[in-house]
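For reference, the structures are reproduced in the following blocks.
There are two complexes below, and they share chain A, which is joined by chain B in the first and by chain C in the second.
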Partner chain A sequence: MNDVFSVELENIVKRFGNVVAVDHVNLKIRENEFFSLLGPSGCGKTTTLRIIAGLEEPDEGIVKIYGEDVTDVPTHKRNIGMVFQHLALFPHMNVFENIAFGLKMRKVQKEEIRRQVKKILEIVKLEGLENRRVNQLSGGQQQRVALARALVIEPEVLLLDEPLGALDLKIRQHMMVELKNIQRRVKTTFIYVTHDQTEAMTMSDRIAIMKDGKVQQVGTPLEIYYRPSNTFVASFIGEAVNLIEGEVRENGLVDTSLGTIYCTESLTKGRVAVMVRPEMVEISDKLHDVDNLFKGTVQSIIFKGSYIEYRVDVQGNTFIVHKHGSAELERMHHPGDFVEIGWRKNSSLIVPI
Partner chain B sequence: MKGTTPFLKIFTILVFLFLYSPIIVMVVFSFNESKSIGVFTNFSFRWYEKVINNPEVWKALFNSFWVGAVVTIVSLVLGLMMAMAVTRYSFSGKSILESLILIPVIIPEIAEALSLLIMYIFLNIPLGPVTVIIGHIAFDVSFVTIVMRARMAGYDKSIEEAARTLGANEFQTFFRITLPTLYPAILAAGLLAFTLSFDDLIKTLFTTGPGFKTLPLIVWSSAARGGVSPELNSLSSFALSISFLFAVFRLRAERRLER
Partner chain C sequence: MAIWFYAPFFIVGLYSFDMININRQIVFTPSLVHYSRVLSWTGAMGIFLRSLYFAGVTVLLCLLIGYPVAYYISFKIKKYKDLFIILFIIPFWVSFLLRTYAMMSILDERSFLNTLLTSLGLIDSPIKIMYTDAAVILVMVYDYLVMMVLPLYANLEKLDKTLLEAASTLGAGPVRTFLKVTLPLSMPGILAGFLLVFIPTVGEFVIPELVGGPNNYMVGNLIYEFFMGARHWWIGSALSMLFIAFILSLVIAYVRKIGERGLAF
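What follows is the complex of A and B.
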């Protein structure tokens, strides 16, 4: 594994009045990684990003960029690029002048500026729009200008603060793929702040989940989806999750109000939650080959396009079950039907509360 | 407009007639050949010739312009700093400061003029162009601050942060980003400040020294001396047209701002 870190945060604390916005955050972000800070609003992700940029000063802790302590280096002397939430394009400049600004500040020769702007416009696919005013561009195009402006200075790390928030769904989906492609092309570390897990899951190599200023878990999208480190991460990630509280009896066995549930083996002890993703739960009139089996009643069904969502009542607990495939339409269960739901033991995970 | 009653139309026309008829009469009679004010005999530039050939008028016009220019520049710098302070930072006494900015706009000009004069006498400052300029600045700053503050309320500070991430230091950010984006507001506030200074009579009257006269002062003193005359009509029309020109500039600047 690559052990060069582009950004390191050591014990970062930031307070606004009585509120601790960032609470002892430690992160090591690898070179050329697409790294996301994901969390609900107010979790401190944007403040963390602004601390990396030098736009906020941490109350405690150290910020390093490529091993060098930059905690006291002002923003304009850190070699970073940033794409802002509302893009922050310069309204009095055209596309070329916007993109060239950073190069001008670096006293690059005119000819060289022209060459580099042309090159970056090709990468973000905006060739020929140099002389447009920024307010004449569409939302997606403005997005690309903001990206080009931050990338043309070849920053050591690119910081993105919810840059796709203002775009509508289709363009956003398109830009997600684009961003990832651009990141591969320019080979730069991207640190991406978002509250949208789809964006984080789609693009990231690794994700840090934040809540109340604290990092909850750092991992690949697969890791945080299937092996959440606590119930917050389990319920925050994914469309839905089933969590059943209980007590660990022995390795892989949890006693709950529904009886003993067989789980993937884990060293966690004491009070825990059993986590099962809705797509891992099977549903049928009669089930075979499952380790955990419960009888229940269908409460409601919702047709969601590519799958059907059932809510099944089992002794007062509601289970969410996702069933994929069009064939299901033929054998659909209806509210009031008695069904069996169940899953194999390696589909459920013991999660600390 | 649909739904407008004829009564409302007539009423509106009457209001505007009431507002503008004295000015129209003044401008029309400035072209009257006859010395009499009551009867229009013949169209003529006779009185304008008299005005234009009067060196005192030119001197006063020149004074009005340079006083206006100095007042505008100083008011803009101070007003911009004040507006930036109150829109960007929070500090103790901010709300008191914001009310203090408004006071020169509210209090009667005659009271302000008199208090200025008393202060100058008290401090033993000789009256002249300097005291006139200080008097104008004292309330132009308020107008500039109010205009700038309103325009800066929706200002997106993140463009300055963007400039800093791109390698611009604070000075470069101010001169290349902040100032150019505020340019329309500065233009509008500047033209307002100039017009206010150019048109001011009362404060100029109280604070000027012997021999230093601005255009409104000339108009006033000739009216005070000889009452109304055709020459005065053309002199006033002349002053009016200059103020009018600046008002048009200002409206155009403001309209550009709204886009």
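What follows is the complex of A and C.
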């Protein structure tokens, strides 16, 4: 596969005083990819984005856009678009003037500006609002103006810094789908910074998980969910996870305080954690056809709508088990019930600590 | 309180409409005679225009000097911004009159500065600046500069710096970012500074009295003369009322322009 990379970061380091905000980050972002930088606050994701934009200068390393080294190119000469966390719409301009700003800076003809603004307003579904002042718009509409303003200049890469953070849940869910559609339509690389895994999982082709300035893992949503490269990623992604620490005895066998657990084969050795997602764990009075079986007591049950969450105590360890399906309601276990939980060996994964 | 506040103003108003006080007998038959005399007096108009000109040039110079100062402190200084602002304000803690006298001693023909420059051979003869237009304007700029810098600084501090970053991501370099974003958004500060400098300087009478010559009279001096010199309180009052009306119209125009944001900046 001959990949074209829109953005490449090579060994980027950025320090603020004694704090290393970005610590030797290497990323290759493919052309027309929806790429997310995901991590808890303070993990360096926003700084990384600002380095790509040229708003922050790296202390070490190289930034490339379409193969060209732009490390020393000022922001206004990089062909990027950016949507800011608080949008940063110009308050003294109306919707049209805001969107036309970048085109005017590029000395585009008046008629052409009018045509392109009209076209982009159609894409973001804001037709007819050209003359509104930005403070007369709803949060969702302002969001679209910010997006249109950044997209109308046809940037080589669009950078988005937690743009949906300020919106309420319903509009946010709607905008997630919309953003993905717009990205498909305009065929541009989107680099999206967020601390919200739902946003990242919903929209991204690939996600980079960051922590303490370092990239922990880069992969598709499926890969990072089912094959986390360490315990941080395993517990950061997904609603919940079961992690049991132990020692690798041989390929696919881990000795833990609960006994030996059979896992997907892995080359990892030494001290590890066994990871099993709550929905992969089965629960019943009597279980068959599982490779790992434990007897336990139900501690609590929570009805979560589409599934039931059990907390099961096994020799002092709490397991989280998610059971889907309405039929489960009739066969529900209750706190204090003795149950068996278990899973097949390829449902559990050996994860380095 | 309000009565005390407005009583002098009210009395001046009565005088301007020809109230006469003879031997403690108040005779008041409202008349516009003093207004018509003032308005048809071209000499007064000339002095009024000169006041506008002096105040206008002063505002412009304050803006040209004050904007870079406010911009620099707000944008370029990262630490101890307040310290810089206080350092800038400290000279203005000294009484206005003292500052003006200090300036006089610098501008004077026999001043230390002039003596130094001539003795160094940098100038042939002492710079003659006292008792000229330049002296009046220079001292007014010095005395009122702080009134321009503070509202500008307050305004620039409030300006969301990510707007400037947004402009740069859209392809605007530093110059165009300044012209298209920073400057338009600092208009409230410029307008506030304009009012705070223009209003006191257009009515200024101490500075032209002290550093100006016979040709640098301003409206304030004229009104002063009518009250304290010629003792013609009626013309003085009519002049004052017209002047207040002019200032009031400026303030109303300002409030309209700023709209609901009000006088606060």
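The criterion applied here is as follows: the second predicted complex is superposed on the first by the 351 of 353 C-alpha atoms of A that agree within 3 Å, B and C clash if a C-alpha of one lies under 4 Å from a C-alpha of the other, contacts with A are read in each partner's own complex, and residues count from 1 in each chain.
Keep this in mind: a contact is a pair of C-beta atoms (placed from the backbone, for glycine too) under 8 Å apart; a residue touches a chain by one contact, two chains touch by 3 or more.
These numbers come from a predicted model, not from an experiment.
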Record, for the superposition on chain A, whether partners chain B and chain C clash or fit.
clash
Between chain B (first) and chain C (second), which, if any, makes contact with A:53: first, second, both or neither?
both
Which of the two partners, first being chain B and second being chain C, lies in contact with A:153: first, second, both, or neither?
both
In the overlaid three-chain picture, which partner chain does A:307 touch, first (chain B) or second (chain C), both, or neither?
neither
Partner chain(s) touched by A:106 [first = chain B, second = chain C, both, neither]
both
Which of the two partners, first being chain B and second being chain C, lies in contact with A:92: first, second, both, or neither?
both
Could you say whether A:81 touches chain B, chain C, both of them, or neither, answering first, second, both or neither?
both
Going by the contact definition given at the top, which residues of chain A touch chain B in one complex and chain C in the other?
53, 55, 74-77, 80-82, 84, 86, 88-92, 101-102, 105-106, 149-150, 153, 159
Which residues, counting only chain A, touch chain C once they are in their complex?
53-55, 74-77, 80-82, 84, 86, 88-92, 101-102, 105-106, 149-150, 153, 159
Chain A residues touching chain B in their complex are 53, 55, 74-77, 80-82, 84-86, 88-92, 101-102, 105-106, 149-150, 153, 159
So, in the complex, the side of chain B touching chain A is made of residues 156, 158-159, 161-169, 172, 176-177, 180-181, 183
Chain C residues touching chain A - in the complex, by the definition given at the top
160, 162-163, 165-173, 176-177, 180-181, 184-185
